[in-house]
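Both of the next two complexes hold subunit A, though its partner changes from subunit B to subunit C.
== the complex of A and B ==
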């Protein structure tokens, strides 16, 4: 019943606790939180945070209000330290206030006050920290899925010619993906030539080179061939310094040059057409309507 | 004048963190894009060696700025199993992991100065420097 008593002291003196708390928390603002939070927003949020704390103390730890509050501040991107600092300050201020109200300094009693104030504050800290970390974990796992989706796309551009553009860092897991997608794609699209574009790969070290060699060797075993394209000059120099031998893998500086080589290998060529009379809309299929509209558009362009 | 920063290598993605930090420092020091790529690749090799063979270790970056020259020193340390035969790992094509075996000799060629110390059972320390030209 002691606890109940202390609780009512805290609630009765909530105005005083609020004043002290705001004073301390405003001092922390300049140290902890970024300038981009306006003073007004900061004050509003502080008031709301206090309401949540007192609501929780009155309601013996109701979690609904805390959940709503945390959802909102996570959305707004408030730092987790705001929560932990706020509650630590609240604990200190409340213990001090109760002590001065009771004008008692018996050691056992003080520790009882501290432990009962702790028991009000701790569930709030726990829940808020949990809400934060769950939200982070969700973001991380969603991003992991998004990255996987981006990791190794295979684009069939023509019969027998397929392109795999690689963008970003290649780690062991992604290297496996690349290999699987590459081989599966070669079979599915019946590819004769695969162009692997590494323009977007920031670092080509021995491990990346090793994985590229393995992938191209596997493609070769399926009867297709690989051309490595998009090798930037600095990457070329680094590869030479590292002493990696790329001589058994055909390479080209750009995707365009690689594509020309791929056309040659598959006995194809690009022929420029003569008749320039056909206008763009016709080719793109927009001019399917009546002939009059076609003539009209011709008039406009000439 | 010198300043130091450090990345702990524990997971595979720490390798990326290490080389991003290294690239940033190299860029600020005024290295060209080719040297930036060399330094980044060297960091990648060193950090990957820690991750593959020692499991855990640290990569330090030191900025050296004296009157006549500027440069970056990369220190890779671990307390892993160490390397038995140093001359063997500095040979091209020697590998224990099925890789290309170009890592350490490659780093020596990518950088200007290279020093390796290792004791079996105690760990390995590699100190390597690149000067701004």
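== the complex of A and C ==
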């Protein structure tokens, strides 16, 4: 009953509340957000925000309206602080306006006004904050998936030779994922040698070394072998200082050297193509014969 | 349950198609050593492609088989260990360092070939 009265007072004086609200919110504007938003867009959005609030106060099936509004502002990237500030200011302004209209100031009545205005504003805040947090959670989970896709890629570069470049910190969860991917990949690509490139791993401590060991041992059980490549000087220092023994795992400083070792293990070698200038000479007819040498096979299996 | 042991030229081929229990494993160990003695095989391939569980006892038996066969002059290669099996073994701390392994039967035979220098 009382609440209903207050509600109609608020709606009747909506213009006044709007004016006050805009004044207050414009003061806040300069302080924290919306530097890059144009004035026009800002005014439009304010107006829309107020419409949504009044719509909700009138109480006609408002959740849909709030949802549409929140979807839009989330899409546009308005900060959550704009919403919460806006609603807090609205609450203050509305309470003030109603108080001045009714010119009544005993304590019980004031608290009644505040609690009823609160009950208008609360569901809006709750819903908007919820919408925001849901959208953030979505973003986080998408990013987690993206990160996982990147966390243990396995690249077959040649028959029987596969490379796994690792970038970023390795924790237990990721190490498990790496091991699974590595073993599945060895089976799938029929790999004989796997090069694990740790150029992009910032820290190799005992835990990371332990995980790498486990992975390489497991790969060995499958019948393939691992070469650890990309060991930077500082990584070599930490490994030795920590007393980690990598002696039963072949290691190389660069992927290039590791690849050479892998070729050796798989009985392959790279043969340089014919000298380029020689080829040009042949093409232009300066050589002994004018035919093009046909020896362009650059890889042979011995 | 006896595990069949096939002879191919100088090699013995064993494909384990059942889940190994302790009894079967011991029986297999005896059978294989007997066969090596009879056939005078120089190489053995044990294929584990369809084995989904290897516990510590089976792993020990397999490791023993390899050492024993070595003593009898036959080189053993284990092939087709599944990723999940490999992971479990490593997590159990069973590294089977003295056991040569290969990805599949084909590569296992090739490995034997190389190691025996034939």
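Operating definition for what follows: the second predicted complex is superposed on the first by the 265 of 302 C-alpha atoms of A that agree within 3 Å, B and C clash if a C-alpha of one lies under 4 Å from a C-alpha of the other, contacts with A are read in each partner's own complex, and residues count from 1 in each chain.
One rule holds for everything that comes next: a residue touches a chain if its C-beta (ideal position, glycine included) is under 8 Å from a C-beta of that chain, and two chains touch if they have at least 3 such contacts.
In this text, all values refer to a predicted model and were calculated from it rather than measured experimentally.
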Subunit A as common anchor, with subunit B and subunit C clashing or fitting: fit
Partner chain in contact with A:207 - subunit B first, subunit C second, else both or neither: first
Contacts of A:242 with subunit B and subunit C, given as first, second, both or neither: first
Partner chain in contact with A:133 - subunit B first, subunit C second, else both or neither: neither
First, second, both or neither for A:234, with subunit B first and subunit C second: first
Partner chain(s) touched by A:217 [first = subunit B, second = subunit C, both, neither]: second
Contacts of A:81 with subunit B and subunit C, given as first, second, both or neither: neither
Subunit B versus subunit C as contact partner of A:187, first or second or both or neither: second
Which superposed partner A:172 touches (first subunit B, second subunit C, both, neither): first
Partner chain in contact with A:143 - subunit B first, subunit C second, else both or neither: neither
Least Cα gap, in Å, left between subunit B and subunit C after the two complexes are fitted on chain A: 10
Overlap of subunit C and subunit B interfaces on subunit A (superposed complexes): none
Subunit A residues touching subunit C - in the complex, by the definition given at the top: 179-180, 183-184, 186-187, 190-192, 214, 217-224, 248
Subunit C residues within the subunit A interface of the complex: 78-83, 85-87, 89-91, 95-97, 101-104, 107-108, 111
Subunit A residues touching subunit B - in the complex, by the definition given at the top: 169, 171-173, 202-207, 209-210, 213, 233-235, 237-238, 241-244
Residues of subunit B touching subunit A in the complex: 12-13, 15-16, 19, 33-34, 36-38, 40-41, 44-45, 48, 92, 99-103, 105-106, 109-110
